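Lettered A, B, C, D and E in written order, each chain numbered from 1.
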Amino acid sequence: MKFLVNPSKFNEMSDYLFRPILILSIILFAIGLLFSFYLSPDDYQQGSTVRIMYVHVPSAWLALLTYAIMTLYSILALAFRIPFGFIFNTAVAPIGAVFTLICIISGSLWGKPMWGTWWVWDARLTSVAILFIIYLIIIFMNLSFENRIVREKVVAIFILVGSVNLPIVKFSVDWWNTLHQPATISKLSKPSIDPSMMTPLIIMTFAFILIGIAIAILRIKTEIISRKSYLS
Amino acid sequence: MIIVKDLTVERLDKKIFENINLSLASGNITILKGKNGSGKTTFLKTILNLIVPSFGSIYWKGKLLRTNLYDFYNNVTYIADKTTSLTKLNVKDNINIWKKIFLSNINDSQIEVALKTLKLENYLNQKVTTLSLGETKKLELLRLIIENKKIWVLDEPLSGLDDDSIELIKQTFEDHCAKEGSIIFSSHQNPGIYVTEEIHL
Amino acid sequence: MKFLKKIIFFYYREYKLNLSGIQDILTNIIFFFVSIFIFIFSIGPDKETISFIGVGIIWTLLLLSSTLSLRKFYQDDFENGNLLIMHLNGFSFGFIAILKTLSHFLFVQVPFLLSIPIACILLNIANDKLFFLFASFSIGSLILSCLGSISSSMNLMNQRNFLLGSVVVMIFSVPVIIFSVGIINMEESFNSLLNILFGILLIVFAINPWASGLCLKLSLENN
Amino acid sequence: MKFLKKIIFFYYREYKLNLSGIQDILTNIIFFFVSIFIFIFSIGPDKETISFIGVGIIWTLLLLSSTLSLRKFYQDDFENGNLLIMHLNGFSFGFIAILKTLSHFLFVQVPFLLSIPIACILLNIANDKLFFLFASFSIGSLILSCLGSISSSMNLMNQRNFLLGSVVVMIFSVPVIIFSVGIINMEESFNSLLNILFGILLIVFAINPWASGLCLKLSLENN
Amino acid sequence: MIIVKDLTVERLDKKIFENINLSLASGNITILKGKNGSGKTTFLKTILNLIVPSFGSIYWKGKLLRTNLYDFYNNVTYIADKTTSLTKLNVKDNINIWKKIFLSNINDSQIEVALKTLKLENYLNQKVTTLSLGETKKLELLRLIIENKKIWVLDEPLSGLDDDSIELIKQTFEDHCAKEGSIIFSSHQNPGIYVTEEIHL
C-alpha cells in the first residue's frame, strides 16, 4: 500500500492501473446510462424525473467521499510530514468541486418538479453549498498563494477545519426536519428495495468512482511532475 | 560582539551569497559593498534574524543569535533602505510615536538639538508626504538618536543626502564609535568615512 | 512596567493612525446606516418583519463591515516597514498580533457597537433585547477580529487576492453568526449559550497570536 | 486611433492590476454568495421573508462592494506616482477620472451584476423582477461608481475639510439607493422612474470628470 | 527648447527658490544641484507644469508652456524620485504595461538588449516587491528607453545605483544627447557626467 503515500511508487502503480481503470469506467458508465435511461422503471409518483437520482446520488456520495479522503491526507501530511498528502489535496480538490457542482445542479433540476423551487434553505442544501464553497476556497488558495510551503500547510489546515461540515451534510437530514429527506424517503422507500432501481444506482456509483480515480491519477501525476525539483 | 561565520543565503533556490565572515567588535565600523542585487540588504536582514540562512551561523555575545534574540534586539537599531515613518502624520507626531514606542531615554532637548543639526526644525508640523526625499531620509536617521542603541545596522544611510548631511552622519558615526558603539552599513559610495572593515559581496 | 508602557504606547500610535484615517471609519458607519435604510425601504414599513429580522441584519452588517476593514489590518504597517521596526524593538510577532487584534476591535468594531442603540431604534428592536444584543455582539465581534487577524496576516503572503481572506473569515464565522443570532432569541438559556460563545472566543483568541504571528514572520522573511 | 489604443491599454493595465486571473473574478462572485449565505443564516430560512427582503440584500451587497473598493480607487495609483506618469503621457485628469470610473464599474460592479440571476434563484426573487432589478442595478451602480470617484479623489487631498467632503459625497448616494430600491416594487411606473434615475446618472457622470479631475490635479500639486 | 524665466515657487507661503533661469537646448545636459530641501524636485515638477509657480514663466518651443502642454508632454519622460512600477506585478508585466500604455515604438529586441545591459534579464518573472533597491531603480530607468522621448526630466536618477550602472547611465545620457535629446536631472553627486549647464538651488 506504499503507493498511496509515496510519489514515485504512486507513479509506478498508476502506470499499471490507469488503462484498466479508464476502460472499466467507460464501460460501466455506458452500462449505467443504459440502465438508468432505458432499463429502469419510472417511479410511480415521480415519473421519469427519478432518473436524475442516478446522477444525483452518486455525485453527492463522491463529493463527500472525496472530501473525507482529503481530510485523511491532510492529517497524514501535517502530522506525519508526508508531502504526498499535499500533492493529493492540490490535485483532487477540483474533482471534488465538480462532483459537488453536479450534485447541486442535478438536485436543483430535481427539486424544481418535486418541490416547486430550484432552491430552498434547508440544512442539507445549505451545507452542501458550503461544501462547494469550501472546495472553491481550497482551489483558489492553491492558485493565489505564492509561497508553496506556507500555502500547502494553510490549505491542509483549512481542509481539516472545514471537515466539520461533512457530518453536517451527512446527518443534517436526521438532525433537523428538512425538506430533503422526507421527500425522498417517503417516495423511495419502497422502490429503493426494488433491484431495478438499485442496480443502476450502484453501477453509476462505481462508474463515478472510477472516473474520479482516473482523473485523479492524471492530476496527481502532473502535480508530481510540477514538483519534481523539490521531491527528488 | 557580532560574529558571523560562513554565512550562505539562498532565496527562491538562488544562491545570493556564500561563505561570508564578519566580526563586529564594539567601536568598529564595517562597510558593506557590492553591486546592485549582490545581497547587501539580504545580509543585513540575515544578521537581524529576519531571513533564515541556508548555511552558517551568527553569534551574539558568544551565544547563538537565535537563542539570545531579544537581548540582541534590545541593542540594535535597523534603518531599512526604505522609509518607515508614517507618511500620513506630521514630523512631530512621528517623533513622538517613536519616542514612546521605543521607550526612549532621550530627553526633548537632545532631540531638539538633533533636529536642528539635521535642519528639520522648521518642518515639525509638515506631513511626511510633503517632505523632500532627503528630509525624509534625515527624519529616518533621527531614529538612531531616539532609539539610542549600541549597534547600528544601516542600509544605504547616505543615499539621497546632500554633502552637508553626509558630513554630519560621518561625525555621528565617529561619535558613536567613540562611545563603544558599533556600526555596520551598506553603501555604494564611501565619502571618506573611516571604516575598520570592508566586506565585498 | 516597561511592558505596560509598550502596550499603552502601541495604542497611542494606533490611535494617531486611525484618527488620520477617520474618514474610513465614518464611511463604515455610513455604510452601516445606509444598509439599514435600504432594508427598511425594501421591506416597507411593516414593523413586525423589521423587528423580526433586525438582529440578523445588524449581525450581518457587522460582519461585512469588519471584513471591509480587513485590508488595513496589517497591510499598511507591513508595507512601510513598521511591523519590522516594532518587532526589532521587542514586540514579538504574536504579541503584535494580539495588540493589533484588540486595536481592530477598539477602533473599528467599537464605533459600531456605539451605533447599535440607534440601529435598534430604526429597526424596532425591543429595548430589553438591547442588552443581549450588546453582550453577544461584543463577544462575537472580538471573535471576528481574531479571525480577521489570522486571515489578513495570511493575506500578506498573497497580496493579490484580498477577497479570498474575507471569504475565509466569513465561512468561519457562519457558526458564530448562527449561534449569536440564535442566542438573542432564546432569552431563557441566554447565559449558558453566551458561555459557549465565550468558549469559541477563547479558542480563537488562543490560536490567533500563534497563527498570525507565524504568518507575519513568514511574510517578512519573504519580503 | 491612438486615442482608442490608449483607452484599450488603460484597461489592459487595470485588468492586470485588478485580476491576476479568472480566479479573482470568481472570488468576487463567491464573496457575493457567501454574503448572501450569511444574511440568510442570520435572518432565518423562511422563504417568504427571504424573497421579501431579497432585493434589499442584493442592494446592500452592491453598496458594500463599492465602498469596500473605494480605497483602491485612486489611492494606489496616486501614491506610487502612476497617476502622474499617465497624466504626463497624455491622459488628462478628467479623462483618467472617466476611465477609472468605468474601470471600477467593470471590475468591481459587473461581476456582481453577472451573479444576480443566480442570486435571484437563491433568494426566491420572482423571475419577472429580474429585468427591473438588472436595469435599476446597472444604472445605480454606475452612479455609485461616479460618486465613489469624486469622493475618493477628494480623499487624496490632505486637508481636513476634504475628508469631510468625501463623506458628504457618500451620503449623496443614500437617496439614489433608496430610490432605486423603491423602483423595483413599482412596476407600473417603472419606466418613468427609471428615467429619473437615468437623469441622475447623467448629472453625476457629467460632473464626475470635472470634479474628480480637479481634485486629482490639486492633490498632485500638493504632493 | 525649454526656456525658464525668473521662476519663483512658493509652497505653503514659504519661498522655495527665487528667480531661476534656464534654457535647455537640444543636445544639452543640465544638472540641478542643491542641498536637501532646496527645491530640486519642486523645480522639476514646476517645469512639468505640475506646480503653479508664483512668479516667472516657462516656454516650450517659443510658446508659453501652459498653452502648449500636451505637445510638451508628448516629448518628455519624467522619472520621479520614487519608483512608479507596480509592485504587485512582476517585471515582465510592468514592462508590458509600460510598452502598451506609452504606445512605445520600441521593439522587443531593443528592450531585451536594454534589460541585458541593465542586468535585469533574470528577474523578468520576479515581483517588483522582491527586487533590490537598485534593481527597482534600474527598472524605473528602463522607462527612458521604452518611452523613447526627446526630453528627459530625471529626479536623482543615480541614487541607489552601483558604479557599473552609473557608468551605463552616463553612456546612455551621452548617446541621447548625441541624438539631439536633452536632459535635465538632479543629483547630489556627479560622477563625471559631462554637463552643459549647472544650476544651483
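Just so we're on the same page, a contact is a pair of C-beta atoms (placed from the backbone, for glycine too) under 8 Å apart; a residue touches a chain by one contact, two chains touch by 3 or more.
The structure displayed is predicted, hence computed values, not measured ones.
In summary, the chains found to touch both chain A and chain B are C, D. Of the two interfaces, A-C and B-C, the higher number of touching C-beta pairs belongs to B-C. Ranked by distance of CA centroids from chain E, the top chain is A. Ranking every chain by how far its Cα centroid lies from the centroid of chain D, the top place goes to B. Superposition angle, chain C onto chain D, using Cα atoms only: 175 degrees, a multiple of 5 between 0 and 180. Here the spacing of chain D and chain E, counted between their Cα centres, is 36 Å. Remark: chain A and chain E have CA centroids separated by 58 Å (rounded to whole angstrom). Taking each chain's centre as the average of its CA atoms, chain B and chain D sit 45 Å apart. Across the assembly, chain B contributes 82, 88, 130 as residues in contact with two or more other chains. Taken residue by residue, chain C touches two or more other chains at 160-161, 164, 167, 171, 174, 222, whereas all remaining positions touch fewer. Touching of two or more other chains is recorded for residues 130, 133, 137, 140, 144 of chain A.
Interface residues of chain B, counted against chain E in their complex, comprise 11-12, 34-37, 40-41, 81-82, 119, 126, 130-135, 137-138, 156, 159-165, 188-189.
Across the complex, chain A meets chain D through its residues 108, 117-122, 126, 129-130, 133, 136-137, 139-140, 143-144.
Interface of chain D with chain C (complex): residues 20, 23-24, 27-28, 30-31, 34-35, 37-39, 41-44, 49, 52-53, 55-56, 59-61, 63-64, 67-68, 70-71, 155, 163-164, 166-167, 170-171, 173-174, 177-178, 181-182, 185. Note for the complex: chain C touches chain A at residues 154, 157-158, 160-161, 164, 167-168, 171-172, 174, 215, 218, 222. On the chain D side of its complex with chain A, the touching residues are 20-21, 23-24, 26-27, 30, 33-34, 37, 40, 45, 47, 50, 121-122, 124.
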